[in-house]
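Handing you a structure now.
We call the chains A, B, C and D, going by the order they appear; numbering starts again at 1 in every chain.
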Amino acid sequence: MAEPVIRRKTYALVYIAMLALTLATTLLAFLNMGPFNSVVALVIAVIQAALIAGVFMHALYESALVRIILTGSVLWFLILITLTMTDYLTRSH
Amino acid sequence: MSTFTTEYDLFFWIMVVVCGLVSLGIAVVLITFAVRYHRRNDDELPTQIKGNVLAEAIWITTPFILFLGMFAYGAKLYFDVELPPSDALDIYVVAKQWMWETQHPEGEREINELHVPIGRRVKLTMTSQDVIHSFFIPDFRIKQDVLPDRYTTLWFEATTPGKVHLFCAEYCGTKHSGMIGWIYAMEPQAYEAWLEQGAPEGSMASTGEKLFHQFQCATCHHFDGHGPCPDLRGLFGRTVSIASGTSVTGPTTVVADESFIREKILNPRAHVVEGWKDNYMPSFQGQITEDQMIDLIAYIKAMGPPPGGTLSTSSGATPEREASGPVIIGPGVTSINNTVPGER
Amino acid sequence: MIAAPEVRTEPNYLNAKEGVLSWLLTTDHKRIGLLYIASITAFFFIGGFFALMMRLELLTPPSDLVSPETYNKLFTMHGIIMVWFFLIPSIPATLGNFILPMMIGAKDLAFPKLNLASWYIFNLGAAVTLYAIIRGGVDTGWTFYTPLSTTYSTGYVVGAALGIFIAGFSSILTGLNFIATVHTMRCPGLTWFRLPLFIWSMYATSLVLVIATPILAITLTMVGVERIFQVGIFDPALGGDPLLFQHMFWFYSHPAVYVMVLPAMAVESELVAAFSRKPIFGYNAVAFSSLGIAIVGFLVWGHHMFVAGQSVYSALVFSILSYLVAVPSAIKVFNWTATLYKGSVSWDTPMLYAIGFIGLFTIGGMTGLFLAALGLDVHVTDTYFVVAHFHYIMVGGAVMAYLGGIHYWWPKISGRLYPEFLAKLSALTVFLGFNLTFFPQFILGYLGMPRRYAAYPPEFQMLHVLSTAGASILGAGYVLPLIYLTWSWRYGPKAPPNPWRATGLEWQTPSPPPVENFEETPVVNYEAYDYEAMKEKLALG
Amino acid sequence: MAETIQILPGREALAHRHHFATPEQQRETVMAGMWIFLATEIMMFGGLFMAYAVYRLGHPRAFELGSADMNVVLGSINTALLITSSFTMALAAHAAQEGRLRGLAWLLIATIVIGAVFLGIKFSEYYAHFREHRAPGVWYESKPNEPDPGGVEMFFVLYYIMTGLHAIHMLIGIGIMAVLWLMTLAGRFSRVYHSPVVVSTLYWGFVDIVWMFLFALFYLPGLHQGR
């Protein structure tokens, strides 16, 4: 199995994108968009997470096994949230 | 015995028979094979059979279908137990380490005992003062956990007179096994007679009325519709609009049931009523016991509609049926009571 | 510590190095397996001792032998020890550790040092828990429900939780090690669908361990923080929701029950194949059912909360998913049974345990179906019906399989044979004692006897007496193997490499195995349990 | 985008552990092991994020009020710092892969220093909250007339637990990096053997990812309503 080596330029581009996204999310948070404030903040956070995982952590370049582990664990976290929310969102008396 | 007892036992024994037969079948086959194909000599090599798709398909689908049946039957029974009818006799239960306090609308209080009439639906509204307990009447086949800072309900209709066990079924500390009592199911006349001899302090609502004055609720909540705050008459069971801006992703309307009133008293600003955004109701957190709380609620519940019929509080809300069963309001949002974990 | 027998001709993992340090610092998966056997056996008997005390107390209706307070501590410590310090590590950390690398033709696990570390972490956790027990014990039940555990209990909750928290990391490390090993260390030719079913099941177990255990860790941490700082994470009086705790606890603990039973199923598949001399009927179905259980097992936790106050709609979802997870179990039971068909079925001790497992697991599982039926659970939840349900699976099922596996691999582990007659006798004793102990509890539960009761109304006494009688027989049945296996370790007749003429790679190497398992790396060009291909080698037919 | 280098078997005695058949097998195993470990970390923080979700749903307004107490300037500086440190760490891994040990040592130092500054800022924030009596369990006071004070307190409880656990991870990470630095100085790494550096990059990246969410959930919700 070969080890991925990523060009420094790629790292630099990602770095700049990350900083830009941070700026964007902070500024957007000052607007009042109702519930969409949280949506925007979370979407940007997810993009940032994907950038770090994909490039800084090489997930994009690693074997399928690594990607399965990564998506699997994210999926399981979503299961935890979703099924718990079936309770909290439909509770009554 | 209650109406559930027969329903429940029928299902239970059907399950025993179905599962019993399947287990018996497996056991018989297993033992037959073990005996019939017992190894004759040490070097024996039997015919190698790797599997059979048809057999596999049969024993995947058959249990699955049986399971679906069990699920459906179980779900039906569950909904009967879980959703209280609206015309029931209301009884309040407060659990504390390690005793049960029950209270009838007429004001009788009992400890570790509960008298109920047969042939009449009874709805228990329960809360705990400390840890989680569970109200369990084995003979009636019903049980419901009782949680602190929250109301849960349970209902039943007793069918035969008699004295049956009441247990606490959720482990609640040292004397969990001592948190037991008796349920007395009585003929209606006997029940009436029993009610007669008690109630020294008057009904729950009248106690509640005294408390309403004692806690100064009445200084704000006048009955002329012109006070500095909403008129509470006719409130119970109605749908109330929540002022926007006080809750961003939270519910916008709420059914005014026990949990709502309780929240209003303890954590009033979690959900402020539409039109009253700038008037503050103070919190009574830490001042009102669970017993007093249920009396207050009984009082508010017992208030009739305002004489004129018009309501000063909620914007255009029409009187609703009693909140029996979950009421879903909008996408994924329900009546707030208990959507909201751990309100103060 | 188990001392190496003096006469060993071939160099093997037992006599390769001498001295206590060579054991305490070993990175050999086989020796670590033995270290684990020592630890969990001790915990089994401690937990069993607590069980016996409980059963004695329950002989009579009032709480006369011990006070209610003591009784509460007894069942709490019984549950904690049996679950976290015996059953969860039992098969994976002992048999799994010992056998798994050999089965896939590897020299060791992927991370041998982590493996040793996991044993130390386990013992550290155990020591902390024992310390909490000795200092006065805990009385919250093994489920640590809030707000009892965070606010009201006077026991050493933080100590016990810390112990479990630490032990959790040993589970995680074991699971991580197994997954990495199975993925990357299989010997040449050993493709996924040639793997013994033991591996599939163990792999599924590891997935659950790795994904679920961290949630337990964080949940217990939150309980600890809440208890120490008195802030309201779960306590409603301070602003929290106790049901959130239950969700988080069961998100871990329901998958954890499959951590307890999947390894038992792993062993079961090996036993049934070896003692019927046939491949497991429907290999693929059994293999995938293991994964199915692991995955769907994560979606059902709410069935522990049907009357706890969760939304009724949520309960519906959890109920139907619970039925879904029962399907793969059913597949397994039917396939094991079908494997015996036209086989060459021997009645050696491991097979007796294997057959006992199928019967008891079926009963335990089916009563699980009662509990998963929403309306039925309302009455029997938190009664002895539940107690009987899970003992049928965990004691009747998992412990039986564990004992079966220990007997099956004993010749490999120790290089010695155990006394067959005593072994059969104990298998029978365990089976009978078990049923006498726990069958009456189903009836008790249906009649309404709540669990965790130190005292009870007199009408339940008869059934409790039966149960206590059964427990004494059961206890004797468990002490017996301890004695004769220890005896045979030194004095048993020498075992040949493959006493059962089984097909697994672990049997293709001497008993006991050499340090790196195989003289030369094996190459596999046949499927699991392929007796046809191994005919010559095993001198069969 | 990615070019690859082949690992040469058998060059480095240190690199190859006896129970692996080949160094490639070893590398693959180590990477799998680390990612599985990160999966457990995801679940661990996942539990906390779930608690956050449940309580925020129950107390939407209170969480915004609590968030308004955060210092968003320090928060964004910290976010930028952490991103920078991830960048230097990724470059460190790159240097290790190319066998540039001097570069590796300096990049590790840079990462450690930036991480330490992050923690310094974080603790100064904790201290400021403490001064405002916003430290549940230690010294907590609700503001007068604060709506849903319970919810606000819950916000702070979660804030401390979640950022605290994150800070602990940072501390551990800095410790690991210090060890890597010493190993680098001792000449333990090379073009062939550097998996500890790569594996630590994964860890550091994960810690960074967690912060992205913490920033979004604790610092941002209170901004739009003015401070």
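Operating definition for what follows: a residue touches a chain if its C-beta (ideal position, glycine included) is under 8 Å from a C-beta of that chain, and two chains touch if they have at least 3 such contacts.
Because the structure is a prediction, the values reported are computed rather than measured.
Counting C-beta pairs in contact across A-D and across B-C gives the higher total for B-C.
Chain closest to the overall centre, judged by the mean of its C-alpha atoms against the mean of all protein C-alpha atoms: C. Rounded to whole angstrom, the centroid-to-centroid distance between subunit A and subunit D, based on C-alpha atoms, equals 14 Å. Inter-chain centre distance (subunit C to subunit D, centres taken as mean C-alpha positions): 35 Å. Taking the mean of the C-alpha atoms as each chain's centre, subunit A and subunit B sit 40 Å apart. Among all residues of subunit B, those that touch two or more other chains are 152, 248-249, 326, 338-339, 341-342, 344. Residue positions 183, 211, 215, 232, 238-241, 243-244, 311-313 of subunit C each touch two or more of the other chains. Touching of two or more other chains is recorded for residues 38, 65, 72-73, 76, 80, 84, 88-92 of subunit A. If you check the complex, the residues on subunit A that touch subunit C are 65, 72-73, 76, 79-80, 83-84, 86-92. The part of subunit D that touches subunit B in the complex is made up of residues 54-55, 57-62, 64, 145, 147-151, 154. Against subunit D, in their complex, subunit B makes its touches with residues 246-250, 267, 269-270, 272, 280, 339-344.
Contact residues of subunit A toward subunit D in the complex are 1-8, 10-12, 14-15, 18-19, 22-23, 25-26, 29-33, 37-38, 41-42, 44-45, 48-49, 52-53, 55-58, 61-63, 65-66, 69-70, 72-74, 76-77, 80-81, 84-85, 88-89. Partner subunit A is touched in their complex by these residues of subunit C: 183, 211, 215, 243-244, 247, 251, 298-299, 301-302, 310-314, 317-318.
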